[in-house]
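Shared between the two complexes below is subunit A, which has subunit B as its partner in the first and subunit C in the second.
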Partner chain A sequence: MLATLVVAGLVAGAIYALVGLGLVIIYRTSQVVNFAQGDVSTLLTFVGFTLMTQWGIPYLAAFALTLVIAFLFGILVERTVIRPVAARSPIVAVGVTLGVALVLNGTSTWRWGTQVQSFPAPTSAAGITVGGMTVSGGSLVILGALALSVVALVTLFGYTRIGLAMRATSEDGNAAELMGINVSAISGLSWGLAAVLGATAGMLVSPAITLTPNQLDLVVIRSFAAVVVGGFTSTLGAVVGGLFIGVVESIVAGYAPADLTNVAMFVIVLVVLVFRPQGLLAAEETRKGLV
Partner chain B sequence: MSKRVAWLVVGAALIAVFPWGVGSYVDYVACLALTYSLITVSLNWVMGYAGQITLGQGGFFAVGAYVATCAVAHYGWALPAAIVLSAVATGVLGLLLGVPALRLQGHYLALTTLFFSLAVPEVIMALPSLTGGSNGINMPGTATLFGLHLSNLRAAFYVLVVLLVAIILVDRTMLKSKLGRAFMAIRDSETAAASVGIPIAVYKIMAFTASGVVAGLAGGLYAPIAGYLNPATFDLWLSIYFFAALIVGGLGNVYGAVIGGIIVIALPQLFSQVQNVSNILFGGILVVVLLALPGGIADWPRLGTGVRWLRRPR
Partner chain C sequence: MQYRNRSFRTGLAVLAAAVGLAWAFPAWSFAATTQGVAGKNVSLGAWAPESGPTTVLFATSEGAAAYFKWVNAHGGIHGYHFNFTMVNDQYNPALTPAAARRLVTVDKVFAIVAGTGTPSSVAVLSYITGVGIPSIAPASGDPSLTQPVRKNIYTVVPSYVNESAFQAQYAVTHLHSKSVAIIYQNDDIGKTGLAGVTKMLALHGMKPATAVPFEPGTLAFIPYVARLKASGAQTVIIWGSIPPFVPILKAAESIGYRPTWITYAFDADPSVVSQVPPAQLANTYFDSWMPLPDDQGMADYRQAIKQYYPQAKIGLLSVQGWCLASVFGSAFADMVARRATPSWSGLEHALNGMKHFSNAYVHDLTFSPTNHQGLPAEFVMKYEHGAIKKVTPYLPLPVVH
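For the complex of A and B:
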């Protein structure tokens, strides 16, 4: 029982980690917590859904095309509404991302309706059986996508000039600008990457949980908890936090007498933020939102 | 002065005849709008005056409504006592939620309070013997507020108007007092506030407690007006609507808070023909207000002054 719950939790956690990576990338370069991440992911997942089921584009091609659209869409959102307010107070930043969330949620509902859609699965493979537990093909794809994303991001941040510029921006935006880095382009790039990660997570999780305009909101709420646990500035933290939250959720859902997942999330978030506000895996933050 | 009195008389007369001029459905919508306005006004104390971001108002509203209903339905309390109990319960919750606010700011406080609002309906669902779980719970029709049946929407309308006016007067008085000035000092600079001897911790907790009390009162009054509660009403979006309503109406402006509460209820009614288009409109208004009119709709004479932001290079 416990082992099965842990495995299921890790798969769910991989989704939270994917979304959480996007939240971290955005926070590091623009110090904004993106409350619209859930609805960005939902809208893009619906775009992928339309490409696959209505336009008849093959799965992989539609998936790739959606990621391209996601990248451009992320940049568009950053450029039009986030950039003008990013330097203002957190209330304004939270307000703008919530406004974007409302607009995108309304758009998804208006265009695709509230009926439950079944999203195509990436694979019909049966998966593998380890020690009596079956891990489905879809779950393996999710874990693989997380691994691939982590490798890609580590390569980007650690071994490319753009990655170096992103790290410099998150370290100190003003100093980076003085060194000739185009900080606002970096900010746009990070919103694009976050949208790609969100769309990936949305399209991979939707076959399992079905697709409605509000379905991904709870997924993204878990990702917020994941990022709080791991630390808003830590890439590794988002992964570890995501997997941790996935496992906790799975165990709480398996053993608690009622669905108390959000209560568990509230307690975890409260405890982590009050006792170790920078998260478990991030270095201490000296300003920006923390006392 | 006499002109002002004349306006007040005209306004009061319009409000007094309003419930008779419209159908009972509009009466219900008006009661909802007044309830939301009360909550937005209470949110303004924490966000607009004390400068602390919170998405916890939906949680307070839910607790207030459920405490009043359970006290009447299960324990036979009189409605006025039950509503007072609601306000006490949410006041205590506000006090508790104010404690993490001593350590957290900005996005972190927004997230913590958002998780609080998400946890409340789950706790309600987890206590079906008390709250009816997903089946919901009915407020007994026999409950009266000093002889008034609040399921009579005209009566409810006047009760809510009187309460809202009273809360606005409290707001005005507070704003001119030491308390209000301390809130705004904390909002503008915690360091400066602390350096002139303002006990930040005490005032932050007071802001959250007072805000909780008023949101709980609104919840307690909502219970007999609605007559039936269901945890699904108090979802993720509710707290986001309150937050957005305050900013659209005017952060830091009590009349803006009232306007915001009315808009957030009126918009879906006006555009009920097109599915969910009100969310697109409301989110769009929220973004436009933040970009172009930081003082909200209550600050409309200065429309466009914020647009410079769009042109200002980063």
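For the complex of A and C:
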């Protein structure tokens, strides 16, 4: 049973990590905690749903098209809503993200209604069975998507000029600007990437749950916990934190009274905040030069 | 001085008497008279989760609204037309009191009809009771709405305690399950369901094989289902406001656990069951008090939803709203058929006169001055060969306390 719980926790944790990565990327480049990440993800998941089920576009093509739309949408939000206020104060921008969340939630409700929708699954494959435990095809896709995202981000940040510019911006925006980096463009790029990650998480998790305008509320809370544990300034921390939170949640739910599930998670968050407020991996990564 | 003292004492006595009366009879202290009727136009209203975390339940409000639009479009009820106002409370009990006060004092509605949501309905229970405005058929089965009986509140949705007891009884007496477990939402609604199951099993000399709570919004159900599997339960009852039926059954399939499932009718919606692994769906029973959307008698409902809420899906959530609103419509029709001018007392009189009332929307509805929970029976259904079918006639709901 323990192996089952661990695998289930890793799959849930992968979703928390994908959403958490979006939070971290935005925070690192603009110092804004994006409370709209869940609603951005949900709205874009509905876009993917429309492309797949109403426009009849094949799954993979619709998935890819949604990611393109997500990237442009993230940039649009940053350009039109965040950038005008972020220059004044990141705190104001944080408040604005709450407003964006409400607007996007209302938009999803207005456009797609309140009914539970059935989002197509990425694969109908049965998955693999190990020791009597079946890991579904959908779960494998989620884990694979997280791995792919991490590889892509590490490559981007570690081996490209744009990634270097993003790292410079996250270290010191003013200095980066003096060095000729277009910090505004970097911020827009970050919002675009975060939206792509959010859309990926939303489209992958929706077949396992159901698609509604509020489906990711609890996921976002878990994702915030994940990035606090891993480090709000660490991409690898978001991944480790997400997987850690997912596994802890799963094991506690499997063995302890369910009332303790949330308690255990937030005790972990509190302990981390007290003894290592920067998060478990933030300092380590900075030393290695990773974002 | 003596005069002033006597005057003061008299004033104090009058004040004390007024406070005493207000305390003893809270409904009188703020009671308005009948309101919301202007000629042949009647204002009605409800709180509704138009936004917020449980917007899926807004379909019930839409069903109620569609009913009144349809009634109006077909000449009204004995010439009376209805203006149905929905005030968004976001399914947030902190916001429902303001919504209720607005309906009563600003919109001055004649009655609250199909106010949606258990937390919302419970949050304004004392206010609605105190004002005395009729609250007809809230979309909630919380036992506190009808126990004790309040003269102005009438419910149609079965008490959650009785309904969950019905499910447990069905598991034991019809499915002959030797071990029954429950997985429930970890809140008041879920715990009410747990109470009903536990009490019914106790009547059969049994205990739940296990009782597994989950938090609303839970993503990964494998840990919870693994506990059900470890208990060896043959039948599992799923209980919550809108329980995550699909994720639970998918999780069960992924760990090779195939018990018999019993859940509420909302989960039988085709859009929901299409996501359920077929092997699990074959083992699933749904209980309901409502007709199915595709029933012959629901043609008006289907037409109305398509016409007035084309965005909404034809489904049991909006069927619920339609049926709940129809109970008000039937009582109102009875009241005005007696040539009575619409009034709160007249409506209550008409409701109390409903005995074994059945139509396409409700079955055997019976109210009395001492019983304001009207439905005595439910039926059970199951998917067979891709279509939902009733597998029992209406069966009496057990009454457990």
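The working rule: the second predicted complex is superposed on the first by the 275 of 291 C-alpha atoms of A that agree within 3 Å, B and C clash if a C-alpha of one lies under 4 Å from a C-alpha of the other, contacts with A are read in each partner's own complex, and residues count from 1 in each chain.
As a convention for this text, a residue touches a chain if its C-beta (ideal position, glycine included) is under 8 Å from a C-beta of that chain, and two chains touch if they have at least 3 such contacts.
Just so you know, these numbers come straight off a predicted model, no measurement behind them.
**Q** Are subunit B and subunit C a fit on subunit A, or do they clash, once the structures share the same frame?
**A** Here the two partners, once superposed via subunit A, clash with each other.
**Q** Considering only the touch criterion stated at the top, classify A:33 as touching first (subunit B), second (subunit C), both, or neither.
**A** A:33 sits against subunit B, while subunit C stays out of touch.
**Q** Please work out whether A:113 is in contact with subunit B alone, subunit C alone, both, or neither, and reply first, second, both or neither.
**A** In the superposed model, A:113 contacts both subunit B and subunit C.
**Q** State whether A:262 touches subunit B only (first), subunit C only (second), both chains, or neither.
**A** After superposing on A, A:262 lies in contact with both subunit B and subunit C.
**Q** With the two complexes superposed on chain A, say which partner A:181 touches: subunit B (first), subunit C (second), both, or neither.
**A** Neither partner.
**Q** Regarding the shared-chain residue A:99, is it in contact with subunit B (first), subunit C (second), both, or neither?
**A** Only subunit B; A:99 stays clear of subunit C.
**Q** Should A:270 be classified as contacting the first partner (subunit B), the second (subunit C), both, or neither?
**A** After superposition on chain A, A:270 lies in contact with subunit B alone.
**Q** Return first, second, both or neither, reflecting whether A:193 touches subunit B, subunit C, both chains, or no partner chain.
**A** A:193 contacts neither subunit B nor subunit C.
**Q** If we overlay the two complexes on their shared chain A, which of subunit B and subunit C does A:86 touch? Say first, second, both or neither.
**A** first
**Q** Where does A:217 make contact in the superposed view: on subunit B (first), on subunit C (second), on both, or on neither?
**A** both
**Q** Out of 58-66, 166-174 or 184-192, where does subunit C collide with subunit B after the chain A superposition?
**A** Residues of subunit C that run into subunit B: 184-192.
**Q** Touching subunit B and also subunit C: which subunit A residues?
**A** Comparing the two interfaces on subunit A, one with subunit B and one with subunit C, the shared residues are 105-106, 109, 113-114, 213, 217-218, 257-259, 261-262.
**Q** For subunit C, which residues are in contact with subunit A within the complex?
**A** For this pair, the touching residues of subunit C are 49-59, 186, 212-220, 222-224, 226-227, 230, 242, 244, 246-247, 250-251, 254-256, 269, 271-272, 274-275, 311-313, 315, 317.
**Q** Looking at the complex, which residues from subunit A come into contact with subunit B?
**A** Touching subunit B from subunit A are residues 32-33, 35, 81, 83-87, 90-96, 98-107, 109-110, 113-114, 183-184, 213, 217-218, 221, 224-225, 228, 232, 257-263, 265-266, 269-270, 273-274, 277, 288-291.
**Q** In the complex formed with subunit C, which residues of subunit A make contact?
**A** 1, 4-5, 7-9, 11-12, 15, 105-106, 109, 113-118, 127, 132-136, 139, 205, 207-210, 212-214, 217-219, 222, 246, 249-254, 257-259, 261-262
**Q** Provide the residue numbers of subunit B that touch subunit A in the complex, in ascending order.
**A** Going by the criterion above, the answer is residues 47, 51, 53, 100, 102-108, 110-112, 114-116, 118-119, 122-123, 125-126, 236, 240, 243-244, 247, 251, 274-287, 290-291, 294, 309-310, 312, 314.
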